[in-house]
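In what follows, structures are represented as structure tokens.
Same chain, two partners: subunit A is paired with subunit B first, then with subunit C.
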Partner chain A sequence: MTRTYISRHPLEDLLPLEPGIRAVDHLDIPRAMAIAAVMAMDGEEAAVAAGLAASGDVQVRFTGPGEWLILSQSETPEELHRNLSLLLAETAYIVDQSDGRIVFRLSGPNVRRILAKGIASDLHPAVFEIGTSSNVLCGHISVNLARTGENEFELIVMRSFAVALFNDLRVMGREFDLSADFSAQG
Partner chain B sequence: MASLIHCPHCGVRPKEEFSIRGDASLVRPDPEASDEAWNDYVHIRSNPRGRYREHWQHAAGCRRWLVVERDTFTHEVFSVADAASAAREAGR
Partner chain C sequence: MTAYRLASGGLIDRRAPLDFRFDGRNLTGFAGDTLASALLANDQLLVGRSFKYHRPRGIVTAGASEPNALVTIGKGAGSDPNTKATVAELYFGLDARSQNRFPSLKYDFGALNGLLSPFLGAGFYYKTFMWPAAFWEKVYEPIIRKAAGLGRAVLERDPQAYEKCWAHCDLLVIGAGPTGLMAALVAGRAGVRVILADEDFRLGGSLLAETAHIGGVSAPDFAEMALAELRSLPNVTMMPRTTVFGWYDDNVFGAVERVQKHVAAPQEKLPVERLWRIVAKRAILAAGAEERPLVFGGNDRPGVMMAGAMRTYANRFGVAAGKSVAIFTNGSAGYRTAAVLAARGIEVTAIIDSRTDVSDVAPDGVRVIQSACVIDTKGHKRVSGAVVERCGFEQTIACDAIGMSGGWNPAIHLACQRGAKAVWSEELKTFLAPDVGNGFVVAGAAAGRYTLAGCLKDGAEKAAAIAADLGFSAAVQAQPAVDGEADPSFTALWYSPGAKAKAFVDFQNDVHVKDIGLALREGFGHVEHAKRYTTNGMATDQGKLSGINATGLLAAMQGISPADVGTTTFRPFYTPVAFGALAGTARDEQAAPVRKSPLYGWAQRHGAVFVDSGLWFRPAYFAQSGEKDWRESTDREVLNIRENVGLCDVSTLGKIEIFGPDAAEFLNRLYCNPFLKLPVGKARYGLMLREDGMVYDDGTTSRLSPGHFVMTTTTALAGGVMSHMEYCAQVLWPELKARFCSSTDQWAQMAIAGPKARLVVQALVEDDISGAAFPFLAAGIVTLKGGIKARLFRISFSGELAYELAVPAGLGEAVADAIMEEGRAHGICPYGLEALNVLRIEKGHVTHAEFDGRVTPDDAGFGRMVSAQKPDFIGKRLSTRYGLTAADRMQMVGLKPVEPDQHIRAGAHLLREGAKPSTLNDQGYVSSACFSPTLGHGIALAFLKSGRERYGERIVVWDKLAGTEVVAEVSSPVFVDPGNTKLNA
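Let's look at the complex of A and B:
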């Protein structure tokens, strides 16, 4: 028997079809994003880091020594995988994670007060600078947290934890009337 | 319990992000070693009051194994090192 697999976002049933009223603190959820995990081969950590830093259009998130998550908004998962394979040939292992991870984009003036309810790490602007990324614990869920702007953070979570993290973020943001929607950019 | 651990890869983190395996000073015996040596290695642990070296895994962070040297009485943390580099330095 053949089956047709349809890509479905795990928050499909939890978010309204039409965009609602956007509050100052907002949770923006991209529907689709090309994501790849990169692990440097033994001894190639510095070479891979340099290659990724020069790769331009993709976003590089630190997950551990010699390990990164690579995000691309403009490429398909296949394109991202192919381009990374060409760039890092024979120096790193690359695994597609596009269906395995979900991205949350949290922004607004109260973003640190919202995150402080689940994350114990220091997110002061002078400590957690723009461009910083790291795996942290949010409540009981391990997420990759990145600061992408002055008051903007991105959380990447394993797909099976997306609904739980979404519910947590809603509760964390309720005090500030946090709104949530799928990203307009798709 | 020491509540803040300075991970060499991730920075200062709460202890909730880690899982603790135990004594980091044990050395695996030779495969041909006596049953007593293996019994000691697998089962026998001291429960020291004071300075202690343990394996901690940064499970919710970088997922690396670390060697944490801390005081079980005062909660003071003396050092945190990556376990792979610690093993390399010890010649293992």
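Let's look at the complex of A and C:
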């Protein structure tokens, strides 16, 4: 018997926070995202970095020396894996993390003040520039933080911590009436 | 009525009256008042009872150094004990109560202690309540504790919310007085990222209580202008109501912001207090200086107050501390206060000056008595006169308040919190902070520059230097001229001789001069010893007023310089901080993050009862209706797996993907058993040792392709193994070409175990998984019907025919549902950790209950797995040391009670029959135990000396905790299917 399996997001039962309400400070959570961990082979770090920088459609997040998380909104996990394998053939190892990582996008005028309640890093625009990403602790939870815009940040967290991080972000954003919902585009 | 509100003046809003309560009395103050200024305005001089003698005490200061005016604010669970009235901002409806009194502040039974005071000197309790020893804890201490003490700690749950925050800046300026404001202005104008923090609710510091003019405007107006400019600078952040309490490594400062302590109806979405960690490239300490109290007879009587505080109450709050005020001073500051009071229409009855031939000018008509000291005070609950001694002649001067001014103590605490010792300045007769490096600079009055002009200049210059250092160009403009500058000079007076009453050094802990003398006589003369012996400086005010005086007294009593006595050690916190603020939001559900398996929802739907397992919540068992307890559910689950099939969530086990041409070699060195030749498509059980030869962790590792392995670790050590591997790769074997990353969260992994497991799994999987095609320890990628790629491993923890199926986490619940559906015909049931544990004990499989860090592979029966051929692996060298190969090491065995209805519990020890329980006679211990539903009696795994040679022997299982002794028979640890026929089916 052929079966159809439906994927479930860990925040399925928790979103939206308050239906119909979107505050200026908002937490946007994509339901599905293709994510891959890329690890450069020994000596290929620079080549992989250059290859990733040249690939237009994906977002590149730095996770450690010679290691990145690659995010794609337009591809399926399989497509991303295949395209990266072609792009980085013989220079990198690729591991699918599409189900292993959950993405949170935080935007609004008060995002830095919200994040300062959990993250010790200096997020001043002159210090943590747009495009910067880094592994940091948010409270007790390890996340990869990226600045995606002037007042936009993205947090990537291990799936098992998604609900815990979501609850932390709710508390952190309480002062600014932070709203939260799944992304409109999917 | 003596203390009263002046008809005009002060930085209070007289159009905004605020009703509040003190000890049940309805009183009124104004916006801009502190609780202390409002109490004084209402002539409520008596605010507390002292710690030991229960002496009546009044407000002494106008700031954070206050030792006496400690009150409890608020009601019930949310009340705050030991709040300093001198810094508590008045708000409508504030409800404060005095402390340490019974039945009331005016009439206090505890004051009897005062009558006994001749016997209650320093060390009295230690010397007296020594016998019998047991009485100290049970009788004496509780009684003493009840009598002493300040506010009562609230034992209920704190209903208030707190939070913690990080802040970053180039320059942190601590204190918003003249020095801090100038520093912030100069740095801010240069573009430096500045944070200006001040504990007061109104920024301006001493400028708010100052009568001098700066650049032609009044001091408070000057402060307002500076603040207005600072507010216009986007790179400057101002943090009022924020006490910087600690200086820590890497120039991180701890600060607590009182966000909603001053509001009648706190907003729910805001915390009441916020703890800040401020990461500062540089910092300036501009905390000013404390006026030093004078130590004279009767100096603790309500109405005796710091002269500077009187000036602050008059100028900033428009409150007179008394109608006729005597000033006792050893310097010019006393004259300054006298001038302010006289200008405000308050009668100054006399200035008593300990110095001779002074040039200071008293206000018109005020009598000055030079070379004189106050030796006692009159009155009871408030002062009514000062007994003044001059050249052997005494006179009593009627007054209702006494202002005392004994010089200045710079507030250097923060700069000395990281080990630097304060240094004595002979010139300034006080202690200054030493150079603590360019990260933290002391400026203004805190650096001994007491004049207003000096403060403005010092703040500006030091900020400019820091800005330049950080690469900003800062211009130091000419400082505005100061008109009405005060003279800060004084002559040190540590003790005014001839006291006819107790002369207090530490008001809050009731330490007086004689106590210090006693400490010295009894050999506790070192300043740190004297502190502990007398408790001087150990109260909640941490000796802000008393510390330097104690040093001065110890020096004077020995005829040495205060430089040779030194100060006690400065430590965080500068002022007390609520535990709630330190915890922030990390309480209740937020105390630790919960990790949820992708199958959490599935387990919930099947009635799982969860158990904490590290940060994870894992199903312990799946209760069915009618089952009375966990044992009943567990027994059913175990029997069903032995007979049919079961499904268990094993997603929490650590999974690590390992790649590279040297991945096999990397694993070969990591594990004690060989991995070099593991074929593609196979899983192998691996044992990881620590360097000391003990087992660290275990799990299976499978080879998915020649250069790709996937490792599983135990749930508990998933993170530990990962960092261990990082260490090995980065430090031990950087030459190996291997890379790895965790994929624990990517996969939902399910164990399907039982004789009917293959039927269930085959129904879902397209590939052939027959015994021939997919034998025990096979591993590979399969396709689920419907097209999903999954990983399948034929491994078994239960000893049954078993598979572990891994699917992308998001699909976990859907696939688990499908397995349950396919398994229904075969009697499938979900099972939890309890059943998993019983199944593996029955099979003699180990977990961290066995691998507790004291066990070698051989101890656990894996001796033959350890490779003798491999040139090296972690743990190889130390595995051969004598103690680890000894013949009488404890080895893992099975135990079953001789009487089948008896129970064995883990943790029990093993003894030979007839032996007395003792360490010497200890034969081993039980590591795991359970009731085996398969066998119908209890079983256990245990470690027994030379255990493998002793199968069949009877041994006593001695359980002191349960109070039982059970005779058990030693056996092989494998109770079920020792021939592995089920496993290989």
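Assume the second predicted complex is superposed on the first by the 177 of 186 C-alpha atoms of A that agree within 3 Å, B and C clash if a C-alpha of one lies under 4 Å from a C-alpha of the other, contacts with A are read in each partner's own complex, and residues count from 1 in each chain.
By our rule, contacts are C-beta pairs under 8 Å (C-beta built on N, C-alpha and C of every residue); 3 or more make two chains touch, one makes a residue touch a chain.
Note that this is a predicted model, so its numbers are computed, not measured.
Enquirer: Can you tell me whether subunit B or subunit C touches more residues on subunit A?
Expert: Subunit A has more residues touched by C than by the other partner.
Enquirer: Once the shared chain is lined up, is A:D99 touching subunit B (first), subunit C (second), both, or neither of them?
Expert: second
Enquirer: According to the stated criteria, A:A120 is in contact with first (subunit B), second (subunit C), both, or neither; which is it?
Expert: A:A120 sits against subunit B and subunit C alike.
Enquirer: Is there a shared patch on subunit A that both subunit B and subunit C touch, and which residues make it up?
Expert: 67, 120-122.
Enquirer: Could you pull out which subunit B residues touch subunit A in their complex?
Expert: 9-14, 16-17, 59-64, 82
Enquirer: Under the definition above, what is the set of subunit A residues touching subunit B in their complex?
Expert: On the subunit A side, the touching residues are 63-65, 67, 120-122, 134-137, 142.
Enquirer: Under the definition above, what is the set of subunit A residues touching subunit C in their complex?
Expert: 1-10, 13, 32, 37, 39-42, 66-67, 77, 93, 95-101, 116-117, 119-122, 124, 127, 139-141, 158-165, 167-168, 171-172, 174-175, 177
Enquirer: Across the complex, what residues on subunit C touch subunit A?
Expert: Contact set of subunit C toward subunit A: 163-168, 193, 269-270, 277, 279, 585-586, 589-590, 592-598, 601, 616, 657, 659-660, 708, 737, 739-741, 743-747, 763-764, 784-786, 788, 807-815, 818.
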